[in-house]
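The same subunit A turns up in both complexes below, where it pairs with subunit B and then with subunit C.
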Partner chain A sequence: MKIFQIALGILAAIGGFVDIGDLVFNVAAGAAFGYQLLWVVVVGVVGIIVYSEMCGRVAAVSEKAVFDAVRERVGFGAGLTTLIAAQVVNLMTLAAEVGGVAICLRLLSGLPYRWLILAAIVALGLIVWVVSFDWIERIFGYGGLCLLVFAVAAVKLHPDWGDVAHGFVPHVDTSDTLLYCYFAVGLLGAAMTPYEVYFYSSGAIEEGWGPKDLGINRANALIGYGLGGFLSFALMITGGALFLGQEIEPELLGSIAMGAQVPLGQVGLVLALIGILFAVGGASIDTLFSGAYNLAQFMGWEWGRYRSNAGAPRFTLTWLVLLVLALGIVMTGIDPVMLTEYAVIFSVVALPLTYLPILLVANDKAYMGRYANGRLANVLGATYFVIILAVSLSAIPLMILTNVGQS
Partner chain B sequence: MSEELDLGLAVLDHQLLDCDGRRCGNVDDLAIEGGPGEHAEVAAILSGPNVWRGRAGFLGRIAARIGGDGRVRTPWSEVAEVEAHVTLKKRAPDYGLGRLDDRLRPWIERIPGAGR
Partner chain C sequence: MRLAAYLLLATILLAGCNGGTVDLHALSNDSASIDSLACEGALLANEVADGDSLGPFTRVHAGELGTRASNFEDALSERPTTPGIERATRREAEKAGRIAALLDQLATADSEDAARLKSRLEREGDCP
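Let's turn to the complex of A and B:
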């Protein structure tokens, strides 16, 4: 029974890893540079595994979620700055994901986009209001597994496996180094999006994890995100095999789904769209909750879906307000894919302020006792912190220099 | 509570829990009593937006203005336990903590399914 539960959690984590940022950046990176950037996905996935494991462990042992740690460690002022940055990026991401849901629904149904935005918002609101936390995770996690169709598609597209293997070795084989760096930063940002750790750590508290669950934590982070990274490889390979040198930029979710349609026909297309729908829908809910978790934790309010809606009033009000704000943003007609690119790049800037407090708390023997970071977690954590810092400093200049990846 | 505590790291900015485990605010600041040369003692925990005013300069003042005038003083003698969180001896309403949640709750409860 225990093994069964762990397996369920891992499956949900695989399906939950990919969101609109991963879809856009992986396929676009494939279209621009073939398989050259696969190694960056590996770097990003190991990073999210390292920090998610830490967050889950901190939450299980000390019942502190990310923004509890942020406020305690960097203080009120810097914490408030981090909160504001996190909330802005989070709202942008939420709007992008909701727009993605509406695009998928339009591609599946042919109905007008704006009505589908409204339908998506109402559906998401109802699901969060009615369905329990466990089931939300399961429904969207399992639905997202339809994305595995991209793995089949990647094989069916018969890529040059030698080139694919070479992509896992860091190398630069292009004259446009700036664009290459821009995509590398975007891929790292998409894999290590901060809302993933906000949601993961708060989710651990939602599910009542304690020190006995540290095995589940490790398995979820390692296998769930690891296999989620495998989906990212598949997306980049389909992008590379299909669009490289075609002068087509897969800027629309529909063209991302083409990656499955070309080799597998109508069935591939429908599975891809359903997978994208659940992945992006699940990410909408993750970002929605994350926004409410962050604010409530920083302010010290009662929070969590494990309390009833009325049991955590300001938390509930916060996610309702965020949903309305997201509706307003998407209704302006802004392109969700463009919004995604901005959200991912800006999120990279906010990464160090999110990850430093986690590293500090995970090291604090006063709370963590014998569960504090070991040498491996510390070496990896510190290494990644340096990487994150470098990437966050270069993100905005690269975005400007490449005209948001258009050069 | 005779053991040593680093107030800056172990108490300030930590979550307050009432005796039922309800999250009811943060340790936004501490009131410390004792003049120069005297023995300094923590007198109370201060919580609420009004307290932020003095904590983060310009940003804190804006946050305080948006947050309103709420300020709750909880005597340090009401602290039951300082661990990962700071736990109080009685229920939140007994100290005037979590009042906004209590005021908002009846409105949320009017929506069907609020108990889910």
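Let's turn to the complex of A and C:
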């Protein structure tokens, strides 16, 4: 039964790993640089595994989610800065994901975009209001598994596997080094986006994890995110094999779906669109919850889906307000793919604010007792923190110098 | 906090700024993007010709590609240029217009028309 539970969690994590940021950056990176940036995905996936395991462990042992720990560990001022940065990035991401859902629905139905934005918002609100946490995870996680069609597409496109293997070794084989660095930063940001850890740690509390569940935490983080990274590889290989040779810059969600359509026909197209719909829809709910979790945890309000909507009124009101704000942003007509790029790059800037408190708390013996970080977790955590710091300092300059990845 | 907000705004404006005078670098970038739209359209046309697409998908995606091409046509036909590249810029605008028209046709094309549009898009975009 426990193995079954772990398997379900892992399946959900694979399907739920990819969001609009991963879709955009992985396929665009493949189209621009072939398989050269596959190694960055590995770096990003290991990073999210390391920090998710830590914050899941903190949640299971202390029964405190990330923002509880942030407020307690870094104080009100720094905590408030972290909260504001997290909420701004979260809202941008939420709006981009909602826009992505509407675009997918439009590609499937041909109906008008603005009506589909409204439909997406209403549907997401109803799902969050009515459906239990477990089922939300399962529905979107399993639906997102349709994205595995990109793995089949990648094979059917017959990439040069020697070049693919070479992509896992860090190297720069281009004259446009700045653009290469911009994509590297974006890929790292997409893999380690902060809402993932907020959602993961709060979810651990929702599911009532305790020290006995540390094995499930490790398995979910390691295998779930690890195999989720496999989808990122598939997307980048598809982008490289299909678009690079044809000199196409895939800038639309429809372009990404064509990555499965060209090698697999109508079936590939339908599976890709359904997979993208569920992946982006699931990420919308993750970001929506993350925003509400963050504020409620920071303010010390009642929070969580394990309570009824009326049982945590300010938490419920927060996610309703976030949904309305996202609606307002997407209704302006802003391009969700462009918004995604900004959201990912700004999330990179906020990464140190998210990950430093997790590292400090997970390493705090007074807080964690015998479950505090061991040597390996500390070495990995510290190494990644240095990487995150360097990447966050270079994100905005790179965005300006490359005109948001245009040159 | 106010300083941070100004910096954020300035960053977005600087990064998103795509207006003003067209120089050689911008023209070269825009030209590559226009060719990319044509080549992606040709790829989609090939799927339509083979009966491997869905009606709504073709309509919406070809329409989106067409809108982007049309935006390039508007921008490149109006924006001032640096000396010596005005004719090339206006020629590129005309090409973007032709590609936009082909993509609009693709949105409602049957498989026979799609095969014809594919070769025309490939020619316009100088696709590999």
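Keep in mind that, in the parts below, the second predicted complex is superposed on the first by the 406 of 407 C-alpha atoms of A that agree within 3 Å, B and C clash if a C-alpha of one lies under 4 Å from a C-alpha of the other, contacts with A are read in each partner's own complex, and residues count from 1 in each chain.
By definition in this document, a contact is a pair of C-beta atoms (placed from the backbone, for glycine too) under 8 Å apart; a residue touches a chain by one contact, two chains touch by 3 or more.
Quantities reported herein were computed from a predicted structural model and do not represent experimental measurements.
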*Just from the overlay, do subunit B and subunit C fit on subunit A, or is there a clash?*
fit
*Would you check which partner chain A:342 touches, where first means subunit B only, second means subunit C only, and both and neither mean what they say?*
second
*With the C-alpha centre of subunit A at the apex, what angle separates the C-alpha centres of subunit B and subunit C, reported to the nearest 10°?*
130
*Go through the superposed model and pick first if A:317 touches only subunit B, second if only subunit C, both, or neither.*
first
*asked:* By the touch definition at the top of the document, which applies to A:303: first (subunit B), second (subunit C), both, or neither?
replied: first
_Let me test your reading of the model: by the given contact rule, A:63 touches which partner, first (subunit B), second (subunit C), both or neither?_
first
*When the two structures are overlaid on chain A, which partner does A:261 contact: first (subunit B), second (subunit C), both, or neither?*
second
*asked:* If we overlay the two complexes on their shared chain A, which of subunit B and subunit C does A:109 touch? Say first, second, both or neither.
replied: second
*Smallest separation in Å between any Cα of subunit B and any Cα of subunit C in the superposed model?*
7
*asked:* Could you list, by residue number, the parts of subunit A that touch subunit C in their complex?
replied: 84, 106-110, 245-252, 254-255, 257-258, 261-262, 265-266, 269-270, 273, 342, 396, 399-400, 403-404, 406-407
*Give every residue of subunit A touching subunit B within the complex, in rising order.*
62-64, 68, 71-72, 75-77, 79-81, 129-130, 132, 296-297, 299-303, 308-310, 312-314, 316-317, 366-367
_Quick check on the complex: what are the subunit B residues that touch subunit A?_
9-10, 12-16, 22-26, 28, 47, 52, 55-57, 59-60, 63, 84-85, 98, 100-102, 104-105, 107-109, 111, 113-116
*Interface residues, subunit C side, partner subunit A - complex*: 1, 11-12, 14-18, 25, 29, 32-33, 35-36, 39-40, 43-44, 47, 50-57, 59-61, 64-65, 68, 127-128
